[in-house]
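You will see subunit A twice below: alongside subunit B first, and alongside subunit C after that.
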Partner chain A sequence: MLLKKNWQEKRTLFTFLLPAILILLVSQAYPILYSLSISFRQWALAESLKPKGFVGFNNYIKAFKDPIFLNAIRISFVFCIVATSFEIILGFIIAYFTVGENFFLRLSRTILILPMVIAPVANGTIWRMMLNSQSGLINQLLRFIGIQGPNWLGAPGSALFSVIAIDIWQWTPFAMVVFLAGFSIIPNELYDAAKVDGAGRLKTLRYIIIPYIIPIGFIVLLFRLVDTLLVIDAIYTTTFGGPGFSTNVITLFIYWQALRYFNISYASATSWILSIFTLLIALSLMRFQKRVQTKMWGA
Partner chain B sequence: MKRVWYVVIALTLIFCINVYGGGKKEEVPAAITFSLMAAGTYDKAAEDIKAAFEKETGIQVTIAAFPWATLRQNNTTDLLTGSGQYDVMSGSYYLADVYEHFISLEDYIKKSGFGKGLLSGFMDKCEHFNGNQIGLPYGPDAYGMLYRKDLFDKGELTWPKTWDEFMVLLPKMKGIADANGMATVVFSGGAPEQAPCLFFDKYDGYFITRGGKYQLEKDKSIAVLNANKELLKYMASDFMGLSIDDANARFLDEKALIIICWPSFIVAAADNPQKSKVVGKWALGKSPTPGRPWLSLWQIYISKYSKNPDASWQWAAAYINEENDVRFFKQYGIGPVFESTYKNPEFVSKYSYYFPSQAYNLTRAVNPPLSGEAQDYFASVLGEFGLGKLSEQGVVDKVNAKWATIPVPTAMLENAKLTGQVQK
Partner chain C sequence: MLKVRISYFNLLRFLIVFFAVLTVLVPFCYLFLNSIKLERDFRTIPPKLIPSEITFEYYREAFSKSGKISNYLMNSVLVTSAVVLISVFIGSLAAYSLSRFRKVYRFFSLIVYVILLVRFYPKVVMIIPYFILMKNLMLLDRLLAVIIAHVSIGMPFVVWLMIGFFDEIPKELEESGMIDGCGPWKRFIKIILPVTLPGIATAAIMTAILSWNEFLIASSVVSVNAKTLPILISGYISDKGINWGPMSAVSSVVILPMFLFALFTQKYLVRGLTFGAVKG
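What follows is the complex of A and B.
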């Protein structure tokens, strides 16, 4: 009797879930599987409106032989590692110094969050103007103090540095907000106990805050690593991948292949390479997080 | 009884006549949509003639103007999906991948006699597909050089006719520029897509081999890159960070002796005392030989998916004609395509420092037969050359290696043959 009731309940639940499952299947699973199938076929929209024959792993082999794509992977990883590291470290430091409830701290937090709420395209456009070597605000300020500012977006090294800096400027507040939330879950008793034990600020940070914050740090790390690997807006609006290929990241490469040159199958294959990379990074990170947590807090 | 039959037959006839077209039909006016760039010029000109055109023809016109990148995307998507949202489209050679989706204009051209009086060779410079013309030209421009004629005259220099003469004169030009506290040459090196202009204007080799593959002619390319390497020494030291507007501002602010630019982007400002310190001091140089200056030629195409191709043609022909050529140039500064406008006495005397050279440069200018992918790659590699990261030989090897993998769109091959850019 109980078994029958259970089954009936499950059936009712499934009936209610069915529309949502169908929508998900149509809107997400189908395009994903379709793009996977396209990546094994030959399809340039300019040649034909329909995909042509099966070409096996040709598109994937082509990608790994393509120096522009390999360079794009390198640039993406540099971007991802440098930007994420700075965003997490700076986000933590800012959160640490702005935690609290007085008016000025609240005001500073509100102001510090602002970059995050600007649309990335607007953000890129504003920075492109500010980094203009002639009329940009940054070089004007540098000139004011007697320094000849560099050609921020016109030289390979400084262009990559600039787009990374733009990402850091925009997304450090995200890390800050999450860390601030993390600080709030640390029980006050722990601080009190530490005070009684004579722990100073540094020791409290080392033995109480950091161990508590590490799981949250992993979440920020995961979000930012994935997000920086998928960055396109800031680069599209500032350097468009140049000068030369110095800021040409994977997402921009895929965008060009798909929407400028209409090489749909090649774009699908490179998208899948990016997705697999991203998935591997996310999985390794989650595994690492589990190991760290087990080590710190036990099983 | 007979009478009843007559009535029935009569009623049936009336019914049939009404059903099969004899009845009064509601006439639906033809409606077309014209997509073009939101530039404050071409779109304004279209708006300007819209009302009169609608009144005269009864055809309803919707003008859909977008920024360049959006226009390119919208047009291409519309054609590839066969939506037929835009009947008449504005574009250029970068649409080569989708030429097959435009209708042939040959019959319309033959019937109307369109093309008479256009600048020499302009019908050939329009895009063709399967031997048929698919585009009609308007708003042309040719990459060129504006120079400080007053300072050239003062220094007793005449504008060089060949690139060899130009290179020989460069030290003298630098002397003049230095004496006036300005850069010798300024160029928008910070706009990566502009880099190929410095190559195209000196290169008269082929871009496509006899076998139909993209390739640079080695010796000629190296010679051009050598000349450019020398030219780069005379550029403003920070030219790699200059946008088109920055570079233009330098010239307008008397901080450069020569600017390499799209003239249509600067001429109006250069003649405006509110915006320029060089009013009456500049001239457009005739592009030195050899080489083919980079042509920017907007064209009007009619989509294969248009439900009203005849109405679309009527609109295209109303937009591009001798009368509007003068009117649009006067009102919006749109580059003329008709010879008569360049010979218009009012303009000839008023723009003697610009018009003859522009007409000359336009007749020499061509669109390079490069697909978007081939041109983007070329521009990026030239950017690396400009930064000193690649040698001349390195550029040619790198470009040719990549180009060997990029297919030449059939339509590009056709146009390259018409403009002499295929290996002989």
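What follows is the complex of A and C.
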């Protein structure tokens, strides 16, 4: 190829790449490796200003014996699985019904995207007001039909459910947008063939659209599983992990350890447990998605 | 028979879409109404939904000298603009280079893969090392610290997005530039960039949203002066009493620019959101 022999071209292209690599090394690789090294040492700011000696896997072992951390894992799992399932199902349904090119459908699509572009922090404040037990809109509406609504964010029983609902509200549009893009690449011949065979709407949905869209579903699954596992902003602004530890997801647990208790090494170790876990999920889902896609759509 | 079935479908469609749109719009309207409501309307039982009198007091207060929102708004604008410029410039150069290199050397595909992983690991890992790094560089509570943090998240995204656009450029276009004797720089600016402008726009929009909304890392390196708007909002949370008016006003200020973005650049936005998910 042209590039192989052309040294000057290669050198210039390399200088194009250099700034990006430098930035990534300083602002990503260095912090990540630094936190890895701290996770094997003993360091709490309450005891000393500098990291102390090497303690091996102690911080990691401590994490798996810490009931609060184990509880955080459980809550993260519930959050992640419930939120992701609802987002995929609702996103698919809404996308299916908003396909089309008339004015109202286009307008609806524009409106439906909005929750996704606002700051998760602002999303949190909106829902803090909506779900307020005394004067929030939700409970006002419930009172209107004669039901006394619970203290959504303030009671341990409903807080987790509420923060999950907030996540669903903000991120179902993401699933919708990706599914809409998926619908647009279904070949028209498939629809025509379905029509020739006399398939109605339901049959077309069942035998054409859903099988074709499954690889897209896996992409949504990948992004939402990872992102819900890493959720923090919206919970930070609504319950801050409470009441008790009922919404204390892993990321918030780490945040507490790092920036409230200053257990630096422990926070690093737990964040590495989370990293490894999310990367495993992301990598395996990426591979799986590719396999499904090749199987469904051909190479 | 067929006619009846179609109209059932449309009825169902209408109900579902209507309900979804309502679910999205009501909280936003509620927020906005709260930001123009008088204090006493919050205190009645039950609180008044529709303001008895419209007030822009909270906005005025927020933008007054003591409210300081102007400073934070300025911070947010500065950070976001800097992050967009730097990420898009450096990111697309790198993407162009990677797109060319990886067609010849497989090793560069690995780099692309590693860059992609930045999207998938918990940002909470970064907060401590990042805090220490910025402390050592004496950048704590400076805008530059926030800018570097956001570039380090935004730029990999730009690379990932732009590689797709550069890959689609036909080889002939590049070669015709070579024959005319253009060096890589000149070719990049004169030939490649104009073709990929939609990609650049998409990248810029996505980076702007990311930087404008980012809270976690910014909050860990900022204490007083370099606060951005999302950090200001989170500050209202610790207040126990009803402080809804000011909180709603500030939240509206944060949300509005992104709304306008979404409305006017929808085409690019959707492309950015689905890119990597669905090609084309």
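As a working rule, the second predicted complex is superposed on the first by the 269 of 299 C-alpha atoms of A that agree within 3 Å, B and C clash if a C-alpha of one lies under 4 Å from a C-alpha of the other, contacts with A are read in each partner's own complex, and residues count from 1 in each chain.
Definition applied: contacts are C-beta pairs under 8 Å (C-beta built on N, C-alpha and C of every residue); 3 or more make two chains touch, one makes a residue touch a chain.
If you're wondering where the values come from, they're calculated on a predicted model, not measured in any experiment.
By the touch criterion defined above, A:46 lies against subunit B but remains apart from subunit C after alignment on the C-alpha atoms of chain A. Within the superposed three-chain model, A:155 lies in touch with subunit B and out of touch with subunit C [touch as defined at top].
In the superposition on chain A, A:113 contacts subunit C only, with no contact to subunit B. For subunit A, the partner with contacts to more residues, out of subunit B and subunit C, is C.
Contacts of A:292 after superposition on the shared chain: neither subunit B nor subunit C is touched. Looking at the shared chain after the overlay, A:240 reaches both subunit B and subunit C. Of the two partner chains placed by the overlay, only subunit B lies in contact with A:260; subunit C stays clear of it.
Using the contact criterion defined above for the overlaid structures, shared-chain residue A:98 touches subunit C, although it does not reach subunit B. When both complexes are overlaid on chain A, the residue A:135 reaches subunit B and subunit C alike.
Counting contacts by the rule stated earlier, residues 135, 240, 259 of subunit A appear in both its interface with subunit B and its interface with subunit C. Chain contact summary for the complex, subunit B toward subunit A: residues 73, 76, 80, 82, 97-98, 189-190, 192-193, 238, 240-243, 246, 249, 371-373, 376-377, 380-381, 383-384, 386-387, 389, 402, 409. The touching residues of subunit C, counted against subunit A in their complex, run 5, 9, 12-13, 16-17, 20-21, 23-28, 30-31, 34, 42, 46-47, 49, 90-91, 93-94, 96-98, 100-101, 103-104, 115, 117-118, 120-130, 132-133, 148-149, 151-152, 155-156, 159, 175, 178, 183-185, 188, 209, 212-213, 215-216, 220, 229-230, 233-234, 236-237, 242, 244, 247-248, 251, 254-255, 258-259, 261-263, 266, 269-270, 273-274, 277-278, 280. If you check the complex, the residues on subunit A that touch subunit C are 1-4, 9, 12-14, 16-17, 19-21, 23-24, 27-28, 30-32, 34-35, 38, 93-94, 97-98, 104-105, 108, 110-122, 124-130, 135, 137, 140, 143, 169, 173-174, 177-178, 180-182, 185, 200-201, 216, 219-220, 223, 226, 229-230, 232-233, 236-237, 240, 251, 254-255, 258-259, 264, 267-268, 271-272, 274-275, 278-279, 282. Put simply, subunit A touches subunit B in their complex at residues 45-46, 49, 68, 132-135, 151-156, 240-245, 248, 256, 259-263.
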